[in-house]
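Two complexes follow with chain A in common, the first pairing it with chain B and the second with chain C.
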Partner chain A sequence: MNVLLSIEDLHLNFRTFWGTAYVLDGVNLKIYEDEVFGLVGETGCGKSVTSMSILRLLPSNAELSGKIIFEGQNLLELPEKELRKIRGKKISIVFQDPMSSLNPLFKIKTQMGDIIKLHHNIDKDEALKKAEKLLRAVNLPDPHRVLESYPHQLSGGMRQRIMIAMALSFEPSLLIADEPTTALDVTIQKQILDLILELKKKYHFSVLLITHDLGVVAETCDRVGVMYAGNIVEVADANKLFENPLHPYTQGLLSAIPDPRYKKPLKPLRGNVPSLLEPPPGCRFHPRCDFAMKICSKKKPKLVEYSENHTVACHIYRRGNEK
Partner chain B sequence: MKKDEIIRVLKILIRNKLSLLGIIIILALIITALFAPFIAPYPNQAKGEPNPEEKLQPPSSKHWFGTDYMGRDVLSRVIYGARISLLVAVAVVTLGLLIGVPLGLLAGFKGGVVDAVVMRVTDIFLSFPPLLLALLISVTLGRGLENVIIALAVSWWPWYTRLIRGMAISIKEKPYVEVAKSMGISSWKIIGRHILPNAISPVIVQGTMDMGSAILEASALSFLGLGVQPPTADWGLMVSQGKDYLLNYWWYPTFPGLAIFITVLAFNLVGDVLREILDPRLRRRFL
Partner chain C sequence: MTDGPLIRVENLKKYFPFKESLFSRKVKYLKAVDGVSFSIKKGETLALVGETGSGKTTTGRTIMRLYEPTGGKIYFEGKKITKLPKKKFQKIRMQMQMIYQDPYSSLNPRMSILNIIAEPLRQLKVENIEDRVLELLESVGLSKEHMYKYPDEISGGQQQRVAIARALAVNPKFLVLDEPTSALDVSVQAQILNLLENLQKDKNFTYLFISHDLSVVRYISHRVAIMYLGKVMEIGTVEQIFENPQHPYTRILLESVPIPDPKDRRRKKLVLPGEIPSPLNPPSGCPFHTRCPFAKDMCSEKEPDYVEVENGHLVKCHFVEVMK
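What follows is the complex of A and B.
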């Protein structure tokens, strides 16, 4: 499989009033063509910010360094004008909150038309036809009525379908879905995820699915990356990760999921998420880790291959250095 | 705003008694201004022709509002004065919006240095008492109607800049702006399509109310001798000239003063109701 997008040693700092927040601390990530890659982690671990870095949609106090290679270009060095040609066209994002992702003042046809006309260079009628086709592709019944509606006349699920339709206007090669189902109820969640998978089969794009819901990951993803405090700690095929979690944090996450089959008590992770203003030295997880060793507070572990398609960043798995 | 939304707002404005009163007064003023030569009983006197035989006559069936010290019909002059006042109101607010709104959008959307520079400039303008600044500018430019309009517009735009900058800052954080950016839409298009339409409501309200204030301030400048020059009929100028006659010939300054009062009131009535309609939290009571 070919690599579609590769993030190499991505560092992101935010200059804030309280000092510099070290939000991403050397993220390495590869997304292959035609796969669903899940990025999981708790709130504030840097999942969304990683995805926003790809299109450089960050506030002005952000400092980015590293490389994001997409189609042979480093997106971090691309001028704004060139980047705009990639945004929406080759890489598009579906955001978390469909309720406010549409401008309340304009009808759907205006908003979709705007975007379709933007890159396609076609007139209004053709743009509307294309919009109708897109809405049909995301299984919205009666697309004509939807186009004539204002956002407040549509439900959350419908709006998220519209957002997906807009994101797919140009048949992008990467769709970033930033917690696309968090604001929706469970049945709609399932429908939206199924829709994304169905469209993926049809159009063959890759999906970067950002979520904190391990159930969603198990159901939809081919490969999974686990993030903790600005680091990717483990990357593996989805089934491998659930069967054999290696990193203590991943193990902690999985044992904190309630399992209806066994009535065992949940085992929460002890301690709190570290402050990103003063992250712990070495491995950022070591203050909360049950297996912490001396080296953990001194040296940052690198992602190493444990078995095929399963890498982990933890000193425990360094060969020949078990003590 | 969309067409059907404008129609809805207009409907509510007409249904509300206070704003209906305001609208009727403003419409009456516009008609008066447009057809002044046909409505005024003595158009020539309104344009300045003296009539020494009838000077300082009290209100009568011949001269409803009495006559001034040159014997000119006050009613005719008040009617002609509506032209000047409405012109000033519209011109000042339009100019103020044309300068203020783009600058505010730019400052709010771009942030950083642009924002800092624009805001410090507005701070400088706002640190003057408004009338004093207008006074300084019109003294510098010289007398005359155009100069009054320029002076007022220059002292006016920072208010709009401030208002729209604040709106722009809150709107640019909305998810739909983020979505537009992620789709590769250019900054200018985002400003035009998303920021401006969502930020404009409070500016419309402020602008409506400011029409009244502009008339008031233009009258003040005329009163101080800087605005329209005699013999042109202007409400402020008439009040200014009439103030010396107030004790013995009350009608001379009173009727132009009333005209100013009623006009300002009308704009404020409409503006007030407009504010309540355009503010989603206050809108409910009209629906």
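What follows is the complex of A and C.
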């Protein structure tokens, strides 16, 4: 499999009134062609910010360093003009709240038509035809009526389908979906996830799915990365991660979620997520970890390969195979 | 005290009036809750489950009489509270407390945690307020150091604990929990769920747990009611609902829940077509017939009655085969 996007040692700090927040602390990540990669973690772990860094959609107080290689180019060094050829075209993004991604004052046809017209250099009629075709591709019934509607006249599920249709209009090779179903009901969530997988099969793009829901990850992703306080702590095939979680944080997360199939005791993680203004030294998880050793507060563990397609950043697994 | 249910709701209705346009004379009604009946025993948790707009929150609020019911009866410890005058109701109202989804907006940002919890105690003229507040804080897993902080200085999970402590201050018997963990991260959610469960064991609380998250419902509840467009479609024990769901809607809802196990993916799943219809203009007959894969002609004509498939397991569907 070929690597589509590779993030190497990505650091991100935000300068704030209270001091510098160390938001990403050396993120390493590879996304292969034609795969669904899930990035999971709790609020504030840096999963959304990682995706925003890929598209360089960050506020002006952000300090970004490292490399993001996409099709042989480092996106972080690309001039804005060049980046525009990639952003929204080769890499598109779908956000959590479809209502705030659409302009409430314009009809869908204006919003979709404008974008298609601009990027494809075609006239209005052709653009509308293309928009209609796209809406059919995302299984929206009666695309004509949808194009004539304002966002508030459509349901959350329909709006999210429109966002996906817009994201796909340039046949991207990477679709970033940032909590695409968090605002939706479970039955609609199922429809949207099925749709993304169906479209992926048809158009062969890769998906970076950002979510806090381990159930969604288990249902849709090929590979999974677990994030905690700005670090990727474990990356593995979905099957391996759920069957044999290695990092104490991953283990903690999995034993804290209820299972709809049966009642099992819930073991919450102790403590709270650390402040990123003063992150703990060494492994950022060590103050909450039941297996913490002396070294954990001194040295940050690197991501090492534990078995094939299963890497973990934890001192417990240091034996032998560190690269 | 008799062994009767703590809370009994009979044919509860809440209609909100609306006009189709600003100038139309005709007033129509949005039937948010339309004939809901259930009872909850002492020390039991009943979960109300449904999608957005199914009327689960309105049901909870109507039971608390935050909304005056349009019709139906509510009994608390066998006493009818629906028509009770305000003053008399207030005494009972104190034994019923509510916890909301967003803990931050349910706490006054300008009051310290001490004052937030002390407020109801002062009304009750409790002595040694600080000791009592500390006792309450400890019962929800907080300590003295939190007493003088303000809501924005503590985490979301801790805020929810404060909201719970405040509800417990008046020694309630019945708690309406409206999506109490939806705004929290999974690890914090587990803490709050365990706390609620332990409090119930200690003090024999009765819960009405409103949620859209079926995994959480499976964990916390004893009985479950599935709501759709203001009506209860199926009600039963947690085992009856999760292991032997009878209503097509319940079955599809359960199959839509993502399961945290990739091996489960291969199972063939039913997908629910379409979306929940507008409650402003609900379908005729069975409210679910527009999306039901098994719907027949009769479903759009006649609203089904409840069928008891097992002891206490009621299903509102024309085509449930009675298992005997």
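Throughout what follows, the second predicted complex is superposed on the first by the 314 of 323 C-alpha atoms of A that agree within 3 Å, B and C clash if a C-alpha of one lies under 4 Å from a C-alpha of the other, contacts with A are read in each partner's own complex, and residues count from 1 in each chain.
Convention: contacts are C-beta pairs under 8 Å (C-beta built on N, C-alpha and C of every residue); 3 or more make two chains touch, one makes a residue touch a chain.
This one's a predicted model, so the numbers in the text were calculated from it and none came from an experiment.
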Putting chain B and chain C onto chain A via the overlay, clash or fit? fit
Where does A:Ala256 make contact in the superposed view: on chain B (first), on chain C (second), on both, or on neither? second
Centroid geometry (CA): angle chain B/chain A/chain C, rounded to a multiple of 10 degrees: 80
Contacts for A:Ile115 in the overlay, against chain B (first) and chain C (second): which applies, first, second, both or neither? first
Does chain B (first) or chain C (second) touch A:Glu35, or do both, or does neither? neither
I'd like to know which partner A:Pro268 touches here: chain B for first, chain C for second, both or neither. second
When both partners are placed on the shared chain, which of chain B and chain C touches more of chain A: C
First, second, both or neither for A:Glu126, with chain B first and chain C second: neither
Least Cα gap, in Å, left between chain B and chain C after the two complexes are fitted on chain A: 5
Show which residues of chain A both chain B and chain C reach, each in its own complex. none
Residue ranges of chain C in contact with chain A within the complex: 51-52, 155, 157, 185-191, 193-194, 212, 214-216, 218-219, 238, 242, 252-265, 269, 271-272, 275-276
Show me the residue ranges of chain A that touch chain C in the complex, using the header's touch definition. 42-43, 155-158, 185-191, 193-194, 212-219, 238-239, 242, 252-254, 256-264, 266-269, 272-273
Note which residues of chain A are touching chain B in the complex, please. 55, 57, 60, 83-89, 92-93, 95, 97, 100-106, 114-115, 118-119, 163, 166-167
What does chain B use to touch chain A in their complex? 1-2, 111-112, 174-176, 178-179, 181-186, 189, 193-194, 197-198
